[in-house]
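Each in structure tokens, the structures are laid out below.
Each of the two complexes below includes chain A, the first together with chain B, the second together with chain C.
Entry: the complex of A and B
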């Protein structure tokens, strides 16, 4: 099961890279991305994080859920126990590795779900227009009015106990509202462009127009939004786990490791600090990479030669 | 006269909005014969682009073509066709090229892929054959090294090249009518002439008819055989191109010609037609041009002029046809007087 998830995640990353390559090709986008040192560092950090996540079973020094010994409760960092141990005597280093792996998987898959739903929904509303558009967007507005974390807590409480799959689903199903608005706005402007009128004048069907003209031209902002969206989902997942609604103990996620460390923050600061750092680095890397991508792929910067 | 290829009768395209009904095209009738080039001229907002989009039934909400209109093309009333049959006519029998070749091409696909897409929309041609035809078409429209150029993206081509690609897309399926909406407006003057030449050459070669929409009388003089002058959603004058330039009848046509810059003449301020095109929500009563007309008299404010027959194939929507002596006493138009007072 886990292997299947990882295979699909790898396929998605590969697809994303191919998409990026296709849209960036010939536009000098890579040069513009490379011009942002922070974005380059962020990209490097993301690669490192994904390598860590992928190879967690080999990198971990201990079993992340095994209780090492009663004597090793809240043990400070040492040569053997790099990040120390938690209140139950589990190795924090191994737990952070596995937690990163789980948090990244959840965030990536949830984002994929939200991007697919948001793009399809926004494109339909924007392209069809009229009453359908108005009704669809009021529905989105209604959900956007509810703070996401409140929505997540409500669903999460009703749906407990949450497994990994259900957590991915609720995170994905509550994250697509802004994407749909973004896509709709883009589609509204694209469908007024001459190329759509020209395609119609040449006898193209609506579906072909959406496939050939609308979707490829909204992919740029969608990719950027998705990158920034992953950061948001990671934080939300951590928040849910922190509140005890997310991934249940003993499976580690960054959020629940922090939660378990919080009561002991004064005496065993290492339990909450290291997963906290991992969380901040991950979210920051996604945000910075997203900013870099936005600048690199901004269509206004396409050089007209 | 041979059976016309296209026959438009009483075309009315109205936009019903909350602000009222905009009668953008208000009772337009004309014919296009096989192998003929007809020019449509007029200021922005006179209804010429809406007319051309109406022919392909590409009017978007809230616009619609009124039910009493008729557009007969190759023996069928286009307005009676279902959407799928109409779609099959677009690109196939009637094609259209647009003003802005940059925005009319998709930036994310190569020009070859975009050309190859056209036959694939209408038939089951293989990807490979479609590409071969795309390359062939690029050669026909005068793009050097077409096999290489087919792999270029639109932004890698110049404006003139892009317009050639657009023309190629329109001609991919050998339509019998080509609608060209301001095809050269966005181009340099030297490129303009080349594109017009290319259009004429291909029109003759493919035995097509062409409807050339423009606001540039120079373009009309160069490439059309018959000219329709539109004003405020109506045809105000129609004549053979020589006749029109030699003996313009409608004061609006006269005004357009006076406003045309001419090479070799002494530099002076160009004549302008005072005022602006009135609002389509509320066309003026009587003659729609009367407020801007230097000959208008009270009949023009009261009575909407019909299309008077002026000569062989020459019609004009102006009461001067029945009271020609009024032409000898021009005065300052109403719009200019109001403009000065404001």
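Entry: the complex of A and C
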């Protein structure tokens, strides 16, 4: 029965990939993206990951929170229990599926928050210029000097335990500093272009210029940075859960599954190994996809290959 | 040069002031104050005295001034989990983090620059492709998981390196000084390897791009036209120019290394700043955690200033400006 479910999930993924491929073939940026085999594989991996995340309840073999049996504590991987069980006798395979779902959701939402704030902040600083710009950017400099994980640990410790919503907010609110710098630099160069001067001569207001001319031109590097940023957020979320300030125990997240496996690493290595592989695959896929996007969307910054 | 240094120092001070204001805001906005979670291990009179010392019984503006003054004088508060001032804790733990950091920085630059040069010279070949793939693979790993896996493979499965700590506690008392050194170095291998694998991808990528940029400069074409060997071109012309921008990267790599050190130190029980920070999480030690924010950012600021000065020393065009 379960094999059938996995087969149909695989068919769905294959259909999605084929549809994307046919849509992409021969179209400017899409063709440039498709020219990178690694980027295409990364995109396929991301589709697989999101399908798994979306259908986690349907694909899981067991209840991720249920304790199977006392005899099944730290049980090694087998045909029944694909990734083995943890110290409490819970199925690691199902926990990893649900954990991927939670980690992907948090990372995506946190990245959306950070992109919105970073773009608004950077665009304001770059467009206004002068003292305001200088003050705003010194502020960003200060926060870039704090290692992000140390900042997150401090906030997490003071407000622990964090709920899912506050975790998303905190990850988003601490991730926008590099984006704002990037946007500011882009805005500074766009501001000098003729189209902006022309719009101003025609009597356009600042807000209209920003919306019609500046933001659309800024979006390309922002999308690339956001894609690469998701990988960082996923890793930071895992680190917080690993430290015990992220998602609390019975609910699985990739970080807290590794946390529970750490004391038993010498004997029950599978508990820490498999969620880590899921994390690496996710982060690597986002990094490769981001590199592919940069080459495809921003021909000025082409990597010399 | 002197003006450059003065400007950088001023900027650095501004950064630390903003960070200190931020940690003050954090402490103030958090539920309770640094002494609320002491689990009655410390007598109430003692806590009341410390509250008074850190001005927590005074109005907010006075607290802020008091906080800035104590930070400026190096007094970072009182740690409830270790029942002693944070400054004493830092004196014990920061040097071990600096040891780990400097070795990690050195190793990741050696490996990163080496790989970058290799990739640029073998551009488009399997070696280039493979090296970039492998470094990106390690870059995508969560640092704590990489550390765990290295410990699993090289300490549990193949008992080559010690699992944790800074020295072998059983043999330490009888070791000669030479055995001490070897033992300590063996304990350093896995943490430094983790930090190196984590950060060398960025350095290699940067070095590769800088090499490829420098290879297109006109004096390289001239050298090639004069018949200088390909090795000579790389060594004398390309590498020299490509190494300059990488100095700046040292300043940018520091936050990543310091952040990575937190979890790497935790996994390997390396008694440094990061280890203490991670341990402070469970005991809700406000003063220790916020001091860690201040100290790591101060280290980053100092590192960046050093990198800027080195850059100015290496490049006469900047020095003159």
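In the analysis below, the second predicted complex is superposed on the first by the 272 of 305 C-alpha atoms of A that agree within 3 Å, B and C clash if a C-alpha of one lies under 4 Å from a C-alpha of the other, contacts with A are read in each partner's own complex, and residues count from 1 in each chain.
Rule of thumb we're sticking to: contacts are C-beta pairs under 8 Å (C-beta built on N, C-alpha and C of every residue); 3 or more make two chains touch, one makes a residue touch a chain.
Only a predicted model underlies this, so the values are computations on that prediction, with no experimental measurement involved.
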Which of chain B and chain C A:130 touches, first, second, both or neither: first
First (chain B), second (chain C), both or neither touched by A:160: second
Chain B versus chain C as contact partner of A:193, first or second or both or neither: first
Partner chain in contact with A:89 - chain B first, chain C second, else both or neither: neither
Which partner reaches more residues of chain A (counting touched residues only), chain B or chain C: C
Which of chain B and chain C A:202 touches, first, second, both or neither: first
Chain B versus chain C as contact partner of A:77, first or second or both or neither: neither
Touched partner set for A:248, first chain B, second chain C, both or neither: neither
Overlap of the chain B and chain C footprints on chain A, listed as residue numbers: 303-305
Chain A to chain C touching residues, read off their complex: 38, 138-139, 141-151, 153-160, 231, 235, 238-239, 242-245, 255, 258, 262, 265-266, 269, 272-273, 276, 279-280, 283-284, 287-288, 303-305
Sites on chain A touched by chain B in the complex: 23, 26, 129-130, 193-195, 197-198, 200-205, 208, 212-213, 216-217, 299, 302-305
Contacting residues of chain B [partner chain A, same complex]: 53, 56, 58, 61, 87-92, 95-100, 103-109, 117-118, 121-122, 153, 155-156, 166, 169-170, 172
In the complex with chain A, residue positions of chain C that touch it: 11, 14-16, 18-19, 22-23, 26-27, 29-31, 123-124, 133, 136-137, 139-145, 148-149, 151-152, 156, 209, 212, 255-256, 258-260, 262-263, 266-267, 277-278, 280-282, 284-286, 289-290, 292-293, 296-297, 300-301, 304
